[in-house]
Structure formats: structure tokens, C-alpha cells
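The structure appears right after this line, and notes come after that.
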Amino acid sequence: ERDKYENNDVAGVVTGLAWTRVGGDILFIESILSKGKGNLNITGNLGKVMKESATIAMEYIKAHAEEFGIIPTIFEKYNVHIHVPEGATPKDGPSAGITMLTSLVSLFTQRKVKKSVAMTGEITLRGKVLPVGGIKEKILAAKRARIKEIVLCEDNRRDIKEIKEEYLKGLTFHYVTDMSQVLDVALTKQKVKNAKKL
Amino acid sequence: ERDKYENNDVAGVVTGLAWTRVGGDILFIESILSKGKGNLNITGNLGKVMKESATIAMEYIKAHAEEFGIIPTIFEKYNVHIHVPEGATPKDGPSAGITMLTSLVSLFTQRKVKKSVAMTGEITLRGKVLPVGGIKEKILAAKRARIKEIVLCEDNRRDIKEIKEEYLKGLTFHYVTDMSQVLDVALTKQKVKNAKKL
Amino acid sequence: ERDKYENNDVAGVVTGLAWTRVGGDILFIESILSKGKGNLNITGNLGKVMKESATIAMEYIKAHAEEFGIIPTIFEKYNVHIHVPEGATPKDGPSAGITMLTSLVSLFTQRKVKKSVAMTGEITLRGKVLPVGGIKEKILAAKRARIKEIVLCEDNRRDIKEIKEEYLKGLTFHYVTDMSQVLDVALTKQKVKNAKKL
Amino acid sequence: ERDKYENNDVAGVVTGLAWTRVGGDILFIESILSKGKGNLNITGNLGKVMKESATIAMEYIKAHAEEFGIIPTIFEKYNVHIHVPEGATPKDGPSAGITMLTSLVSLFTQRKVKKSVAMTGEITLRGKVLPVGGIKEKILAAKRARIKEIVLCEDNRRDIKEIKEEYLKGLTFHYVTDMSQVLDVALTKQKVKNAKKL
Amino acid sequence: ERDKYENNDVAGVVTGLAWTRVGGDILFIESILSKGKGNLNITGNLGKVMKESATIAMEYIKAHAEEFGIIPTIFEKYNVHIHVPEGATPKDGPSAGITMLTSLVSLFTQRKVKKSVAMTGEITLRGKVLPVGGIKEKILAAKRARIKEIVLCEDNRRDIKEIKEEYLKGLTFHYVTDMSQVLDVALTKQKVKNAKKL
Amino acid sequence: ERDKYENNDVAGVVTGLAWTRVGGDILFIESILSKGKGNLNITGNLGKVMKESATIAMEYIKAHAEEFGIIPTIFEKYNVHIHVPEGATPKDGPSAGITMLTSLVSLFTQRKVKKSVAMTGEITLRGKVLPVGGIKEKILAAKRARIKEIVLCEDNRRDIKEIKEEYLKGLTFHYVTDMSQVLDVALTKQKVKNAKKL
């Protein structure tokens, strides 16, 4: 099984939940910075909608830089690259939105991502979190990958209620409506070791 | 049901009415500003015609900046991102035109959008409002979402007349021919809380 | 019926005649200027050939700026947006060429377009006007829309002769071979009210 | 019949011979200059190969500017637009190459094109002229359009020999191997009236 | 047989293992530098995912330049071209990721690649190595090409265990989890002869 | 027959061997320089792989400018246009690689190409020459076109051995492994008449 590696030592790596033709799966959003002129690079065999999620996340952060404690001039000095590993698998849909936003906030603040957290949810340009599909399959995949806490849209609470209790053992759910709540759950106050000085 | 959130605290968020394969629906146009060089970013799984509506709205505002009390040099200092949530649903057609223009005027003036208003109509480059289809389905969707006031093209008045009275209870209609009338109905004189200084 | 609005108060709006799958129709060419760097934006769900017409019109005007009394340096200071309303209808073909050129000359000179005139014809880069198809259907549509004068290519005169006299009542025809003749018929010497100072 | 207009008063307009699905036809290559930065615009509903011919012609002239008496710095100060009228007809193939090159040399030197000449032939980057197909159909079309002199590749001489003598009456043929011979036949030493000063 | 040439005298040439429709094969990743502005050129008849691998490798190196002893300002002064020979064969998939990264590190450090090493594995933006498919076929191809050492993802160890012992004779396997381990195995400390001074 | 012209008076024109649906053929690679900013223009109705060959050739020369006696700053001062005549025929594949590289070296050094030489072979970014297909058909085409010397990859020697002796009469073969050997055979030390001063 490929999906066991986990690592919150590096900023910008966040675990998401995906729904593929062969069932639920976890996926990783990775983002890095390199000196540049503000370009956004997106890879991982992604479809149009998933690429749009990356753009929305990036623009949201730019528009709310101060709230996140990010100096706005930073955006013009670095290129951002967002990647979703396992290039052989085509990926699409809006559900990685909150994972991408969390990844980017971690990257630009160098804050450490909480251990054993995974998430799934669409993001809007206002920072609202929207519900997504395939919840049952995603939860089963999360358990297999030893995830402990899961962030979902409040409107997906009903989907969890329809899942047999025994499948939910050992999982903590965080239901959110706004992006700020996702970040409260998923990002620690602590910086990563060897945090980059931006 | 996903379509209950409503929020006029933020500039640039306006409710539209859409006609999809599964019936009428409401949709939200969201727009935000970030420091930049005048680029226009459009997301939300939109087709060519709906993207053109965004371009038309943007160009119209640029050409009529003074009338809206917008300082023309602002356009070169910011990037605009327009997003239509629910990325899993492909969207197209010209009927979000007036919603997009209202969103952008709110964004650039930071004026508050009126509560409980929704709208649908094509915009022309002269600021004329053109009629659109699917009116009956759109009205039913608006009621379900607790919309109180609806802005339509004057030429869509006949479509409303064909709808049974009982479905229209509690709804106020504003029939317009020009974009300026849309803005009169939909935007308050008041600025949003924590209005951005542009 | 959507096709009754008419308005020659604004520079850059000209009435054309189109031939669609459902018969003849009138269409409007709208163009506006905004401060910029000489970009040309074209919208309205147009096909490749119709977009080329807009390019040809624009380049023709640039190459003959002095003849039209336009200061050539203006072209680098403004962006031009050409739009053809009714985005739900795909449009293509070369027959809007003379309408587009008239629209742009009106825009850059702020000269008023003559009332009740419509036109159809292909333009060449030399300013020649070429004949187009669907004349009968276009004429019927023009009558329905209360057009009084129609500009056509000299080579389309034969198509008019084949139409029953009674359908032509109340219509004046202007047969032209060169673009300069179109402008003589369609543009007044008068500037529009509140003409832009370019 | 559309194909009667002919006009050598303007620089940059040259008559070519084309082979379409409905038989032979004449076509016009039109080119104009406007102040700019050296961009090349190509319109007329052309396919990839025919657009390449325009690029080849342009690059050939740039590389041989001195031979043609053209000041090389001119190329950066103007935009060139090449158009092939009758946008409703898709056009492709390499056979307009020599017509395009003749058009551009006329344009940049403002030399008058000889009256009643038409041509067809592929151009190479070295200035060689290559034979093309559809010769018989093209010749018949030329006669109908009252062309008097025709420029062809030397290797197309055999195609002319296979045509009945009576169809060739009144036509003079110029067989060429190099682009310089085309220009000797097709361009006069005289400048056009009101020649542009470049 | 085409696949015998081998050469570690030049920086930037690394041997990979590929899985094609006709079985396993070795392939070469070649990269070169030319004075430029930081552009990345990718050729070799590659599909989208394989091109993404090149981008990921390039961005990873930019983000970790110091660790590799590369002066970051170098990236803006050179263009990089990555090529995978045998253009007649379409190639795709993520498995050349570690080969590309090794090639680029060799190129920018001018360090010599170890002789007789081949590799296959996906790279992530964090420098993790992921397992890939077609291991058995790739190993057989490596033997045919006289490869001695093979670098694989730790998670591909199980695939090797399923191969008959006799096929593995003469091969040394290096199982890795991180990109740094690949470089430890594949790059010598020595610079190539006539190393470029960057 | 079109394929008889031959001319080594001009730099940048080199004869290649191609394999098309209708058998073997010779083709010409033509390249020219015009003042510019380092752009590369490629025409001739070429597919993706053949265009990549041109890019590889260009980048190889840039990376090895000194070895060829080319001043590297030249590349930013000129645009290069590579053309393969006979635009009506689609062309693809990597086998023109060595012909393109020879053409470009001739162009940038203004060295004369040897008379009666033709070649076919893929080029790699390291300057290796790879074997290609269709050798028999190409050789027959070369004889018809009165070629005297042929440059092939060493690995294509076996293909020549399978051809009947009588077909090879009058042909000299040069088997190569590296690009430098191709240039030794194909380029003379002599500059072309009226060599351009770069």
C-alpha cells in the first residue's frame, strides 16, 4: 500500500481525502516556494476544476494576506508550485479546495500542520466551505491510512450520520462552515523545524 | 440543501438565478481584489459565454468608472478574481451578466449588496439588460432559497405573468431595461463593514 | 420580441443584419473604449470568421486613421472591446464586417450613427465591400424591426430584385462598393451627446 | 459573379489562383501596414499551411530586405496584416505563396502591381518557386476573370501543355524558378499613386 | 539494438527504465544548459504527466538549491532543455521523475553520474520517491542493456521479490524513500571532465 | 518530378531523406536569419516530433556555440526560421534531426554545404546520432535524385547490408555515431559566396 507515508515536518504538505473510480483514497497536497515573480505552477495530472481550486486558494490568500500574518509583497518575490502526487492517476473536482488552502497557508507562514488530520471540502472565494460527495468512501480510506481527525463541511454532517457507528471508531470529526475554522483545526501555532525566512 | 447561506457583509457577493439541467437554482457570484496589474481571473467551471459575461462586465465598469465613482487608475493596481461556487457543476450562458456586473460594482465601491435580492439577465456593452430563459424554474428556486426581491429584464415581465399567482406570493419583482436600474435596486448606499480602502 | 430597442445616442452602436438557422434577424455591434494599451477584446459567442472581421475592421482603421480624422497615437492609449449581444446564440460569418467597421469609426470619432439604418456586407482590407448571403431573410427581419434604410453591397442588388415589391415598401436601399460609401450613409457629421474626448 | 473587381492602384493587392472544392477560382491577397511593433496578423479563414506561407513570405523579405531596397528597421515600426477576402470560404494549401510574397514586396516598396496578372506557386525559404496542383481549373478561372498574364512554376509547364489550345487563347504564361522572376513580371518600377512614405 | 550506448562523461545524462507497449526498455534523460532567462524546454514526444515530472524536478531543485550547492541566481541566467531520445516513441507517466531530477542535479553541479546505474521512480515535490509499475519488464530490459545497479522505491522491493532469482543475477538494488538517497547512489563526488563553470 | 533542384550556394540548405506513405523521398531543410530577438520559427506542415527536432538542434548549437566557432551573443540578435518545403505534404518524425542541425550550423557559420550529400538520422541533445527507419526506400529516392554521398547512423549499417548491391552503385556511405562526424562530412571549410557577416 502506497498511502502510509506521513510527515508534518515540512510546511505545505497536507492530507486530503479523495473519491476515485476505485473507491476512497487519501491524497497529499504539496506546495513549495522558489525565488521568482509570483507565478503559480500546478501539477499532478489534475483536471480543470481541481486546477481552479488551486487558483482560488492562492487568490484568497493574496486577498487576505494580513489576516494570516503574511507580508503581501512576498507574493511577487516567489513562485509557488502546488503538486498532487501519483501522477498516473487523473484527478479532478473541487473537493481538495480546503486542503490546498491549508497547504498554502502553512507554506507562507511556515506553520506546522497538525499530525493525523485529513480533510475534504470545496472552498469559495469568500472563505466559505461547501459540502462534497463520496463521504463514506473517503472516511473508510482515512481509517485505513490511520487518520485520527477529519475536517468536513457542516453540511456533510448528515453523511456521517448515515455511516455505521463501528466504522467511525477512533475518528474525531470537525464540522466547519468557514475556512478560518479549518485553519484553526489543521495548523498549529508552531513553526516547522528549519522554517524558511520569507 | 446547500443553497441557504446568504451573506451581505462582504462586498462583491451577489445572488443570481440559474437554470440547470436539473431545474432552477440559485448561484453566487463572488469577486475579490488582490494587489496586481489589472489581470482578470475567472473560475467556477464556466463555459465560454459565461466567461465572456465576466469580461463584458469588467470592461463596462472600466469604461464607465467615473459614473460609478471609481478612480480609473485603480484597475491597473489590482487583480480581480470572479468565482462561481460549486465547481462540480458546469455552468454557461449569458444570464449571470447583471449579477456579475453588480458584484464588480460592489467590489470596486465596497458598497453593501441589499439583502434577499437575486437577479438574472444578460448585459450588453451599452449597459442594456436583455431577457433570459428559464424564468419559471428560476423563480421557484428563488422562493425555496427565501429570496424576497428579484431583478429581471422588462422583457421577462411576460414570463412572470404566465406563472400561477400562488407561486409568486412573497416575492417583489423589479423590471429593468438598463444596468443602472439594477444597481439602484441591488446596491445600498452604505459601505460594507471594514470596507477596503482602494 | 427582443429586437426593438434602438438607440443612436451612444457612439459605437450599429445595427446589422444576420442570417441564422431560424431565419433573418437584426443584431447590434457594440464597441467601447477603456484606458489601456491597444488591446482588442471581442465577445458575443462569435466564431473564428466573425472575430476575424473585427480584426480586419480594427486594422483597416489603424491604417487609414488620418482619412477618418483619428489621431494615430490614440490606438495605443485605449483598449477596444467589441461585443455582439445575445450570448446564447452562436454567431459566425463575414457579413458583419461593414457593421463592425462603422461601429469602430463611430467610436473613435464619436460621430453619431444615423437612425433606422441597418447593414450587412463583408469588408476587405482594402475597404471594398463584398456581397453576402441570406439577403431575403435579412430584409424581412429588418422590416419587422422597423428599419428604414439598408446598406448593401452593389453585388447584392440582384438579390433585392428577386424579392416581391410589397416586402420592400418603406425601405430605402443604399448599394455600395467601398467602405467610404457605407460611412457616408451611416454616420452623421454630428458628434454624440457627451462625446468622449479622446 | 463576385470575381470581377480588379484594382492595381493600391500597393499590396495581388491576384492569385486557387483550387477549391467547386473548381478553380481567383483570390486576392491584400496586405496593409499600420504603426506597430512588427506583428504579423493573418486573416481570411485560412488553414495552417496557408498561414505558414504568409510567415515564410514575411521572413523571406526580412532576410533579403536590402535586395528589395527595403530599410530593415522598418519591420519593427509597423504591423503587417495579410487578408484573403471571402471569409465564408475556408482556404488552405501552399499555392498562394508567391502571391503573398509579391503582395508584401509591393507593400513595403509601394511599387505598383502589373495589371491583369495572376499567379500560383509555392515559395520556399530560399526563394525557389515550386509547382502546385489544379492548374487546369485555375487557368479556366483566370480566363473567366479576364486575367491576361499568368505566372507559374517552370515545373507546371507540362500541365499547361495538356490543356487544349483554345482554352489558352489570350493568355501569356511566365514560367519561373525563382521568386525574383515573379517580382520582375508582376511588379512595375512605378510607385502607386499616393505612395506611403515608410 | 539501439540501447547500448552509455556514457557518463557528460553531465546531465542519466539512464532510466521505462515500460512501453512492447515491454520494458531503458531510456536516457538528457539535459543541457544554454545562456538564457530561466526557460525550461522539454522534448522527446512526451505526454502531459511526463512533462509535469520535468517541471516538478526543476522546481524541487530551485527550492533546495543551497542543499545541492547550487547558487540560486544561476537559474535566471540559463535556459534548461530536457530531452528524452527516440522521438518516434510516445512516452508518458511519472516514472522518469527520479531520473530527471538526477539529470538536473548532475547538470547544475556538473557532478559525474555513476556508471552502469539505472533508475525508475516517481518524485514528489517534497523529495519523496514513490513506487511505479512494470518493474519486472524494466528489470529484464536493464539486464539486456548491461546495467549493474538499479535504484527503486522501497515500496517496489516486493515486486523484486516476485522475480525469479536467476533474472536478478549480477544486479545490485538500491531501495530508497527519499530523493537524497537516489543522488547518493547515482552521483559521484567527482566533476565531469571539462566541467562547465556556471 | 519536383525533386531535382539542388544548390549549395546558399548557407542553411541541406538535403535530407524522408519516408512517406508513398515511398522514400528527398526533402530540403532551409533555414534563414533575420534581425530579431532570438525567436525560432518552424514551418512546412510539420508534426510535433519534427518540430521538436528543430528545437533540439537549435538548443544543441546554443549549448555548444564555442565548439562551432559561433559567438553566443549572436543568438539574441537574430530570429531563425526553419522551413521544409512542399507544404501540401504533412511531415513528422525525428529522422530530419541531423539535417536540421547541419542546416543551422551552416547558417550560423556561413560554411558551404558539400555537394550531392544527403542524410537521415535522429539527433540527441548530447550530439549522438540515432538510427531511423525506412532506409531502403530512402536510398532508392536518393539515387533517383542523383545524390552521391549519404550520411547514416552506424546502427543503420545493417539496413544497407540488406539492400541488393546493384541499388547501391555510385553511392558512398558515411556511418556516424556523433553529430561532429556528420558536420565533418557535410560541411566544407569554405564559406558560401556573399557570406553574411553575423
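To keep things simple, chains are lettered A, B, C, D, E and F as they appear, and every chain counts its residues starting from 1.
Quick note on the criterion: contacts are C-beta pairs under 8 Å (C-beta built on N, C-alpha and C of every residue); 3 or more make two chains touch, one makes a residue touch a chain.
Values in this document were obtained by computation on a predicted structure and should not be read as measured data.
Chains that touch both chain D and chain F: there are none. Two copies of one chain, chain C and chain D, touch each other, and the residues they use overlap weakly: the shared fraction of interface numbers falls below half. Its C-alpha atoms superposed on chain E, chain A is turned by 60 degrees; the angle is given in steps of 5. Distance between chain centres (mean CA atoms), chain B to chain E: 51 Å. In this assembly, the C-alpha centroid of chain C lies 59 Å from the C-alpha centroid of chain E.
In whole angstrom, the spacing between the mean C-alpha positions of chain B and chain C is 30.
Within chain D, not a single residue touches two or more of the remaining chains. Taken as a graph of touching chains, this assembly forms a single closed ring in which every chain touches exactly two others.
Order of chains around the touching ring, counted from chain D in the direction of chain F, is D, F, E, A, B, C. Across the complex, chain D meets chain F through its residues 48-49, 52-53, 55-56, 59-60, 62-63, 72, 75, 93-94, 97, 122, 124-126, 128, 130-133, 155, 177.
Interface residues of chain C, counted against chain B in their complex, comprise 2, 5, 7, 10, 13, 28, 30-35, 41, 43-45, 79, 81, 83, 85-88.
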